[in-house]
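Okay, here's the structure, questions in a sec.
Lettered A, B and C in written order, each chain numbered from 1.
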């Protein structure tokens, strides 16, 4: 099976990548400022709705209904889109999806396409595939543009350039955008103006646009895209041909179900009552917008994930990124350290599930990139119990590694000791000798693997007399 | 102060039993002072959380069975650890498959407030203290304000609010070792906030987090110490509890 | 390609062989919420996005349109063909989108004037459905200034109420303020590609 491009080839394991990222003071500052700001905003936006918890429960239930009847809803969606003049394609993996998009682009006679930001297209490496085939790709989302011009990688699901502050963005634009004013300041308004000028020509002349989709309604065939800047509307309205790549799991059963998600998503993602623009279209409307509409339904590991009774919860994700914004790990390491299109808490579970590569050391490290604090679960609008899925995936990593690794041997030994109070107490007595490694009950240096603790923390020495030894002595 | 003749079984937890026995002794003193009879079934060694959370589920199952059997028949079991109680309450139903019943285990503040019905326990601890709500007790168990209520009724204690209290300290079990750098970065911010309160002690309901936070404070020679909630509550004016950390 | 469809549907069915049960969707979230003055709430919420909002009576609407366009020194304004004649006040170059204007022509007009289909008070949202007085979607996208007439009776309180009032298969555009981005340090900043200036005339 071909490698799933959701992860970036050659990525180091998370601990190694994180160690490097942690040392970047500018990154640390940018991330802390951005995540702390959005956390408070989100909390306020959510507090405004007295029925927030009820909306979450409804969102979870609707998404479960979708997953448990996914084939039925996808067939309905296909019929509804087709009835309104759209064409539906099915793609088993990244390569197949890219081939479909490339063929459609060539059939439309385009040498260049404009793109709305789409996690699904990032996941399949669409830009690279198109460019390798000689088709130019213009990212029109401001953050994706920053990433593209900065020859960088996206580090956040919603705000891909979160790792950049305004000064760095100014520097990238000044260097890479032809026609950027020489006296360009780092005021966000000035930076936005540069993006506007640069992209306007592209919007007004593009013939093919590629987008993703936030939702697609099965009973009506309506496709939904939420955005802020207007680049989405530009791509979805002006070109003759529109190609939308959408993960299978994004389908919703009925029009009415949208009322839940149009409340959950804006408040969870950009922490607004509503994002500036939401576009909804069904097939083709004569005289209004693209006259050729193609919907590419993408599997790329989703059906395999669906087979996992615990892991399938990850498919409820609506890509809001609230979990990234509250995660104490993501806040410090940033997204690049995950080596995946999907970073943060959702990335730590979705990436291994989609990638299906248990022997890959990098992928295997992702479920451990968490202290299991649970802040993510608290904010997830569709109530994905991310800590539980992480622990479940850790069990799969351990099973794949087998029982001869040093860690497995150590864990087995410890379980054996814990397995009987007699063995346990004998170990406690023997361990008490470790007090000689330290001073006053504190050990400041331990041999490997204990050294990983004592690199930054003192360790307690085992007590002279354990609690149970005291109990036995004083209470018989 | 309500006087109860309640029989409570104690699960000291493997970490506290081996490294911080003072905490378990403090629980015994406190509960006996409140009129409880405390039992300690020696068969219960470890709840299996570390194995389970690291991915070694099959090692956790026999440990869960042993612990569940050891505490069978007790109406109330207390553990000075939100994370161990969380393991029993949240995971044991999945591990035990109905053959053995899940022990009715309470975290210390839950036992005091909900079962014994007290928020004043006659404690005296004349120090400046700040409280760190551990992630499992906060989010999994939802202990809420119970620990703060108990602490605010300790005579002589000046309770100072911790900034960014709900941020994880970075322990996370084997995370502290497997992702030591990130764990340390999180620890640094937690220590920063603790030191910012000017408190002499940081307390919590979990020795795992306190081992991590205290280990950092000790390494940095900060002069600030960690102490388990049980030891504060056990301390009285007549018999002050000696903090040995 | 038919192979892909068959294969994916087959994979889905095999993945669900454990027949997971989906409990009924709890619909006890709020569909409607009590609001004293929908128009006032709507005006407040739209203004929160830094759109300009004025309340006028139906009789004063043409004058308000004139005042708004004068304040902006507007020259040419594009309108859908079915806009009420009384709205196209004297003194401006009205470009009627019939036959449809080319995209370069749209780029050159100063602004666009339309009505709307529905408005949502709670979120300060205007919804266009390419229906009467609205025209096709490109009209309210390319020009830099959008003057939108919202009648008080078109305002509903909540998102569920709005969706119930809309036809799903029409091309729908939900507008909540002028175009903006949150990509720079996660602060919402106005003005990227869509109309950077949104002005609302609320007819009460």
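Criterion: contacts are C-beta pairs under 8 Å (C-beta built on N, C-alpha and C of every residue); 3 or more make two chains touch, one makes a residue touch a chain.
Just so we're clear, the structure is a prediction, and the values are computed from it rather than from any experiment.
Distance from per-chain Cα centroids to the pooled protein Cα centroid is smallest for A.
When the interfaces A-B and A-C are ranked by C-beta pairs in contact, the top one is A-C.
Centroids built from CA atoms put chain C at 54 Å from chain B.
Chain centres here are Cα averages; for chain A and chain B they lie 34 Å apart.
Averaged C-alpha coordinates give centres for chain A and chain C that are 30 Å from one another. Contacts from chain C toward chain A in the complex involve residues 1, 4-5, 7-9, 11-16, 18, 20-31, 33, 45, 48-49, 100, 103-104, 107, 120, 122-125, 130, 136-138, 141-142, 159-160, 163-164, 168-195. Interface of chain A with chain C (complex): residues 30, 33-35, 37-38, 49-51, 54-55, 57-58, 61-62, 64-65, 67-71, 74-75, 84, 89-92, 96, 100, 140-143, 146, 159-162, 165-166, 169, 188-189, 191-193, 195-196, 199-200, 203-204, 217, 220-222, 228-231, 233-234, 237-238, 248, 255-260, 262-263, 266, 270, 272-283, 285, 287-289, 297, 299, 303-304, 306-307, 309, 312. Against chain A, in their complex, chain B makes its touches with residues 12, 14, 16-22, 24-25, 40, 42-43, 45-46, 48, 50-57, 59, 62-63, 66, 135-136, 139-140, 166-168, 170-187, 211-212, 214-216, 218-219, 244-245. The part of chain A that touches chain B in the complex is made up of residues 14-15, 18-19, 22, 328-329, 332-333, 367-375, 377-378, 391, 394-399, 408, 411-412, 414-415, 418-421, 424, 428, 431, 441-442, 444, 449, 452-453, 455-463, 465-468, 470-472, 475.
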